[in-house]
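Two complexes follow with chain A in common, the first pairing it with chain B and the second with chain C.
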Partner chain A sequence: MMGKMLLVLLSFVMLTGCGVQDHILEDVLLAEVVGYDTAEADKIKGSTVVSVSQSGEKSSMGKEVYTAVTHTDKNVRQQIESEAPRSLVGGRLSAILYGEKLARKGIYDYVDTYRRDPAVGRDLYLAVVSGKAEDIINVESKMLKTPGVKTEEIIDHNSKTHLPETSLHSFLYYYSGKNMDPVLPLLEVEQNHIKIKGIALFKDDTYIGKYIKYEDGFLFKVLLENFKKGVYEARIKEHSYIAIDNISSRVKYEIKDGNGSPEISIKAKIKGGVLEARNIELKSQSAVTAIEKKSEKTLEKKLDRMVKMFQDNNIDPLALGDRVRSQTRNFDSKHWEDVYRTVPIKVDVDVELVQQGITD
Partner chain B sequence: MDNLPKKNRKVSSFFAMFLVHKMQIGVGLLGFERVIAKNAGYDAWVSILITGFCVNIVIWMSFRMLHKDGNDLISIHKHLFGKWVGGGLSLYFIVYFVFLTITILRTYTEVIQIWLFPGINVPVLLIIFGLLVYSCVAGGFRIVAGIAFIGLLIGMPLLLLKYFPLQYANFSNLSPVLDHSVKDLLLSAKAVTLNFLGFELLLMYYPFLDEPRKAEKWAQIGTIFTTAVYLFSAFVSFAYYTQEELAHSIWATLTMWKIVDLPFVERFEYVGVSIWLFEIIPNVCLGVWAASRGVKRLFAVNQRKSLLFLLFIIILSCMLFQTRQGIDQLNTIVSQVGFWTVFIYIPALFVYYMIVDKVRKRSK
Partner chain C sequence: MKFFKSEKKVPPLQHDTSIPYAEVPAKDFEELFKKFKASADFLSFQYPSEAAFTVSYFKSIVGPDQVHQEILPVLTQQHPSTLEEVKNGIPVENIIISNDLKVIQDAVMTGSVIIQINPDNSHCLLVPCASSEKRQISIPETEFSVVGPKEAFVESIETNINLIRKRLPVPELQMKEIKVGRISQTRIAVLYIDGIVDQENVQTVIQRISDIDYDAIVDISFIAQMIADNQNSVFPQFIDTERPDRAASGLSEGKVVIIVDGSPQILTGPTTITNFFTAFDDYFVTWHIASVFRLIRVFAVLFSIMSTAIYVAVTTYHYQSIPADLLPTLIASRGAVPFPPILEALVLEGTIELLREAGARLPTKVGQTIGIVGGIVIGTAAVQAGFVSNVLLMLTALAALASFTTPIYQISNTIRIIRFPFLLSAQLYGLLGVAICAAFFVCHLLKLTSLGRPYLEPIFPLRVKDLKDSFIRLPFSSQTQRPEILRTEYSSRMQPKPKEDSRDIDE
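Moving on, here comes the complex of A and B:
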């Protein structure tokens, strides 16, 4: 009995000898958003917003910005330590931003270090900043009136309507997968507010400088996945617009002859309600049908143009190649890459207006 | 002749299910996906079914031999090959069990090192492990079986976490189904072996099972359960990662815990790795128990003494493997050796046993 007690005591004593580093909340700085920009001569400028827990009864978190210019990403962290009063930890990181210039050079190396790091989560957001990432960091640090990380929250709630899922995971998924390319949200600063400008398009890990406008993000989402929210404004004729509230949108891909000369037809079905109809009568069924037809036309035209733009730039954010692969035996991805730009892609939209609000 | 364990040291027949299943679910589950997808790509789930089925057959064979013999592998060896050759073969199995244990222990400590505490003092950690394992195994087989049961109970809820990656799932990754050659599928099936290893321990603990004929059914159910768990995990991982990304993910399942988003824990993998300890301890206990039991039966030494000796060797060997490459190599070698032992040696032994049995009966 005595021996066993001794054993238990001994293991407690030994555990403390394990050389484990501890992080106590009050003794660390929690990085919330990190931004990277290019700097002169091969260098990068990293900046970060950290929340600083304050002692005392009021539990408000102050925010501070730190920046550093170095060659490698993790060295940025070390450099920042040189001016930070406590050590910096990345466990609560919620967004990583890349300046436009840096993104055009390719961001994989900057993403890879976060994938490798076991201390960092996988559901954090990546985004490209139109202009400098530092600007967003500065704005973020001043927004103290409401708690939470603004950048993260903005991307998060827009992911339901106008942005595709763009976490670290989906970037890695689309980047590493063959025959698909990632997209990231494009942010900008407007009058001291963080704003989504659109969806930045990538070829592998390189921002190609083109983006889908925020309004059209809805259309991109229609093509990419099934979802249930969002409002889209379609032009019916001169001076008359209709705002369609998306109740449910479903998309289907039909693929023929994946290894020969492929043909793709995309069928999207949007069930929606009318939120606003300017200068349009909605009294009779025939009028509603006419508007459905008209908005289908408008959407199809826009989507056709969008898909064409993808093909012209030889990017595949819709993962068309992967969809073809999943329906083709012994898929020849080399052949697909050769023909992708010329593959006929037909977009078919079916709009059904099932609700018109509480008036007619 | 050999003295069999007394009734009060045996466990009920249904424990065979936990014992077989627990030993198969271990550290491998955290990152088996990329190994099996190497050859057959995302058709590798078929390979899991193939291996699972083969294991069922090998278990059937083992029980045929054990039912006839009534004791364990060591007495089968003695019966077939005599004292010296049979003893040599039994010694091989003891070394094999030791290596299996080393693999489990070292791979898990690597996970702790990389995911939780990079600066951890591995020897001290291993010694604490050793103390824990010693106190379990010294309590006898019933304690070891109980630990296996508790491990299963604590580990199972972790399967619910698959809900989170399923939100990002892309099941089109799996299609077109069966787009690989039979050879690729079989190569992957071979790679799955490491994850199913451990069931052969039943050759050692057979005499400890009460009503062994009933236990056979439970052992088979345990293996089917294992197959189901691996199949489910593989499906989720394949739907979550692209093939290219999976090829770079050393711990695919563990990495998936990173996206678990619970209101009260920001980073679940820390909790997950800690809970996983309860999956590892029973496996190490079972491995060490089987090896020390073997030493006891072969050399007639006190099991506690042999246990201390074996633990000492295991901890010392674990310290020898320092790098990722070394640990990876250890896993590969044990997987190879295990494949030959389980799928070649045991069936061969079975055939030989049946022939000898027939011949001896006739000569009587």
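Moving on, here comes the complex of A and C:
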């Protein structure tokens, strides 16, 4: 008994020799954002922001940028190691950025390497940068006022209102799933600030060069999922706008004849409050109803155009194909791909203004 | 290993028979008296005059007043001629006349006075008049409570039994007495309430105590260790308490109480791990408050065991899991420290243990100063010198504080010790190591028993009924049954009331 115990204890200690590798917190470089761009002659340029610990001072982390130009992605890390004072670790990565040019060539190879790494979380953000990813990296490294990674924070708080959820996990889901395409946030640098330009549209892993404008991100989110935040400004008539504060938005897909000639009707119901009403009278119930009708029409028009644009480009960011599959027995995926561009899709929006705020 | 053994044969030690064990009395009366007279405090004199009675006793354990007022006057005034007449004359109970050497030796050594008529006659009259010094009953110190009784046990077994008996004035409260210890002849009492207690528990206790073979039983902690189910466990398997109210309440639940003469603590058993998180003043406050306090204690203990281990694991292996807002603070405080986290943690835990040990050994007044000086001065200095990080300093100080929230002193020692295996395994394998270590301790606890009853009850085996008084305490109206773990012969604590009709508003 005693011998057995000793053996267990001994093996517990001895097994640490088999490569238990430690990463002591202050002895590693924590990569925070990584960016990839195309470089000359089929090469890629990787750049990364790392936080550098500064002992003694509280709550201030220095940031440094490392860049390298190589053929493969992991090699970028090797190259960076050659100039880094300590080993670079990816466990705290919060965002991976891809330059526009690279994204148009397809990004899966550069996503795959992070998919395989167990140290990397599944909840980090991927994004496309209008222009060069390196620019964002450079801006990011200068933002030191508060702790935290700006790129991550910007995407994080916008994904409650204007962006669909775009983590590594959901990208892989939409990429690997049949009859659907991923979307990623599109970032840009404007006057030394990182800014969301819109939602970049993908065909499989390739950026098609088109995007949904940031303001219309709310509309895309209305179609994609149920959510409870966000503001949308609808134009009622010339010089009069109404800002609708979303209280609850629900979407329902009705699908007919998935394997034959499918018909899709998307029903969205937005319960909202009036945040701002410029040049609009909201005193009587009938006026409110009229405004509701008017804004419904505006939204429907925009959404119809958006869906049409998806069909014209033969992309499916709403995962319509997958929704049809889930409601059709013996779904014929091949047939769907053939008819997708011509499927009649009807968007029906129901706006209900449940609060008008404090008036008079 | 044979190589290292010397070939020389050591002759076996002579078995020393001269040690006067209680079971081996002297050969004859002369020899016994010779042994007595070897001690300077043994008095032997002729009274009232030469060739009259011989009176002899150990003056250090006999009450002189009793001898002067009750024994000597009888010899002078009544002029008895036989021991029988003396016996009738002396107004003291339990006087015996004996020529059994063992009886004589036992009686003399516990404070009896020997009276002989003829020195050659080995028949002796033994008058018990022991006087023993004892402390006044004082306030409980290790189990202090703000409300509730303020009595604590003292070193005298009679006083202690008195404290219990006056709380439970029923003849069913019964007591068995056993003497243990070859030299110390310690009196050990086993108390229980007949009709409630499971006789099997009583038998187990009595059997284990009678099986003890040791020279001197100085304190109850000796007994607690000797009769434990698993003597190699770090977990205490009996609750020792200095509160008579806790003892009485344990007895009424169906527990067995062990009292040792000379020890101001008593043992109750069988015990489960939840009892160690139960302070007796939990019953003095309403059940909501008591439940919250108990849960706080449980979390405090978990925190105390795990906090430094998790700190080491996270800073050494799992930099991913630190919240982003905490990271700069943590790195800034770790940055100045030249040691890896494990050394840092060991240094700090070591310091805290030093303070604790020094505080416990030194006299109260100095001890307090040491605690404050050590805590504040050494702590601040260590951080400023860059020996430890202030995050860890805070964690360790909290952990030390948390380990004192347990009401039973013995378990707080356990918590203090089992932190170190967790710390080391955190260094070896990170959080996986902490999990492995936790699994090891859980396995150990699952196997552990107290007087043959499962230690982890009511969690495993799950006995939902016993949860009513474990990590939470339900109101007294729900405490109608005694704990199932005690297998009581009569389990109801009160007459079940007939259900009241719900009052209608029309009535």
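We adopt the following convention: the second predicted complex is superposed on the first by the 341 of 360 C-alpha atoms of A that agree within 3 Å, B and C clash if a C-alpha of one lies under 4 Å from a C-alpha of the other, contacts with A are read in each partner's own complex, and residues count from 1 in each chain.
Convention: contacts are C-beta pairs under 8 Å (C-beta built on N, C-alpha and C of every residue); 3 or more make two chains touch, one makes a residue touch a chain.
This structure is a prediction, so every number in the text was calculated from the model and none was measured.
Chemist: State whether A:G91 touches chain B only (first), chain C only (second), both chains, or neither.
Modeler: both
Chemist: For A:G177, select first, second, both or neither according to whether it touches chain B, chain C, the two together, or no partner.
Modeler: first
Chemist: So in the superposed three-chain picture, is A:V324 touching just chain B, just chain C, both, or none of them (first/second/both/neither)?
Modeler: neither
Chemist: Should A:V129 be classified as contacting the first partner (chain B), the second (chain C), both, or neither?
Modeler: neither
Chemist: Just to be sure I read the superposition right, which of the two partners does A:V149 touch: chain B = first, chain C = second, or both, or neither?
Modeler: Touch partner of A:V149: chain C, not chain B.
Chemist: For A:I24, using the defined touch cut-off, is the partner it touches chain B, chain C, both, or neither? Pick first, second, both or neither.
Modeler: Once the two structures are laid over each other on A, A:I24 reaches chain C alone.
Chemist: With the two complexes superposed on chain A, say which partner A:G121 touches: chain B (first), chain C (second), both, or neither.
Modeler: Both partners, chain B and chain C.
Chemist: Jot down the residues of chain A that show up as touching in both complexes, chain B in one and chain C in the other.
Modeler: 20, 91-92, 119, 121
Chemist: Can you name the residues of chain A that touch chain C in the complex?
Modeler: Residues 12-13, 16, 20, 22-26, 28, 30, 51, 53-61, 89, 91-92, 94, 119, 121, 147-149.
Chemist: Touching residues of chain B toward chain A in the complex: what are they?
Modeler: Result: residues 114-115, 117-121, 124-125, 127-128, 131-132, 135, 168, 170, 172-173, 175-176, 179, 240-245, 248, 255, 258-259, 261, 266-267, 269 of chain B touch chain A.
Chemist: Mind listing the chain C positions that touch chain A in their complex?
Modeler: It comes out as residues 314-317, 319-320, 322, 324-325, 327-332, 334-336, 340-341, 425, 428-430, 436.
Chemist: In the complex of these two chains, what residues of chain A are touching chain B?
Modeler: Listed in rising order, the residues are 4, 7, 10-11, 14-15, 17-21, 91-92, 118-119, 121-123, 165, 167, 169-170, 172-173, 176-178, 322-323, 326-331.
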